[in-house]
Amino acid sequence: MKVDVRLFAVARDLAGSDFISLELPAGSTVAQLRARLSAEIPALAGVLPHILIAVGSDYVRDDAIIPAGSEVACIPPVSGG
Amino acid sequence: MKVDVRLFAVARDLAGSDFISLELPAGSTVAQLRARLSAEIPALAGVLPHILIAVGSDYVRDDAIIPAGSEVACIPPVSGG
Amino acid sequence: MVEITTAPIDTEVLLRQVGSPQAGAVVLFLGTTREFTRGRQTGSLDYECYPEMAQKKLEELEQQAQARWLLTGCAIVHRIGHLEIGEASVAVAVSTPHRQAAFEAGQWLIDTLKQIVPIWKKENWADGESQWVHPGLDVSPTLPATGSGN
Amino acid sequence: MVEITTAPIDTEVLLRQVGSPQAGAVVLFLGTTREFTRGRQTGSLDYECYPEMAQKKLEELEQQAQARWLLTGCAIVHRIGHLEIGEASVAVAVSTPHRQAAFEAGQWLIDTLKQIVPIWKKENWADGESQWVHPGLDVSPTLPATGSGN
């Protein structure tokens, strides 16, 4: 399945883009997504452990399975307010 | 010494006046003032235990001596805010 | 800045007064007049104060809060006179570099104001009775027609 | 009512929105941009957000606070885009029958907002460097001329 991952703030700056399209096996977990992100964007590898993954606008754990067609995003530590 | 005592809220309503002038011996304490108030305005007697006395815009204890010329007031339980 | 006024409270003015380039947080508290108190309907309220002492106590509160929380701004306004339902009777505004202190100082100021500042409110119940509010004291209601007294 | 906007925050509108005849207390929190952070001078700030998720999380916060404190009114506005020193980036307004709940709900809302809502700020330091703020993450500053990334 194709997954578009949205990137924000420092993650976007490090990647040089506000999203990345990945081709993942159906039934992939968030952990597998993280590994692919790290491989595709080496500049992200250092900060990725601090980044939360959101699927469908909710934070998810690394063992969550990514449903096909869902919106995925990298959420660096937030600093709003 | 002559002491004008200002009365507020329910104390004023019970006394029917916003002040009372008392003639007290020099060196009188707040406790003595209370006794005189009770005697002069029997309608106040019931609530007087709940009323604080202020001298010069500060709350004072019953054993405080009232300086001549000071401003004295009866402060029923406050309900501002 | 502390003020006792019969005019409606202007929150924009208050917020401007406590603003500061050193402030990261502003907390504004408004006390507003409720329509129902323990199920009984209020028509309006009248506030009175002991002006000189109320002003002095408000200034003392402001100074104590300034010293304790290192406020970058502080303003307290109490309205007196006749208020309709929904109007603000009191406003406390503080600013601080960090937000925890702003919440603490704001809450301390309104809590302490309500304990010590000589201001009183009279409930004008919707059923026609009026009654001074004196916590801890059982005050008989009076009908407006009978005026003051017991 | 929750809103994410690039426009300056209008506190009068917020206070009107949370007003209610059932409310005895209103607490408004404003987060304002500070000139100095740990001794370093800020020139301005830029906020960005993940719009769909930020809106959803703000709505969830509002619903949770409503349920937990029985609010009579709640409004949250976060401003994004470019902000100058002293401007408000966020406003949280709540009203409740009694004041303790208003302080608690207001503080919980801003505390939780700052932990979970996907909004980020970039400090534009007065010395010309710019830097995303990511608590717990050591982010290298970037010079505006070099653009994003390293």
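By letter and in written order, the chains are A, B, C and D; residue numbering begins at 1 in each of them.
The rule we apply is simple: a residue touches a chain if its C-beta (ideal position, glycine included) is under 8 Å from a C-beta of that chain, and two chains touch if they have at least 3 such contacts.
Predicted model, so just to flag it, every value in this text is computed and none were measured.
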Checklist entry - Common contacts of chain B and chain C? => result none
Checklist outcome for this item: chain A and chain B have mean C-alpha positions lying a whole-number Å distance apart equal to 72
Checklist entry - Roughly how many whole angstrom separate the Cα centroids of chain B and chain D? => result 50
Checklist outcome for this item: Rounded to the nearest Å, the gap between Cα centres of chain A and chain D is 24
Next on the checklist: Show the residues in chain C shared as contacts by 2 or more other chains, in ascending order.
Outcome noted: 31, 110
Checklist entry - Between which chains is there touch? => result A-D, B-C, C-D
Checklist entry - Quick one: in the complex, what on chain D touches chain A? => result 31, 47-50, 52-54, 56-57, 78, 89-90, 110, 113-122, 132-137, 139, 142, 148-150
Item to check | chain D-facing residues of chain A, complex | outcome: 6, 8-10, 12-16, 43, 47, 50, 54, 57-59, 71, 73, 75-81
Checklist entry - Which residues of chain D touch chain C in their complex? => result 11-12, 15, 19-36, 85-86, 88, 95, 97, 99, 102-103, 106-107, 110
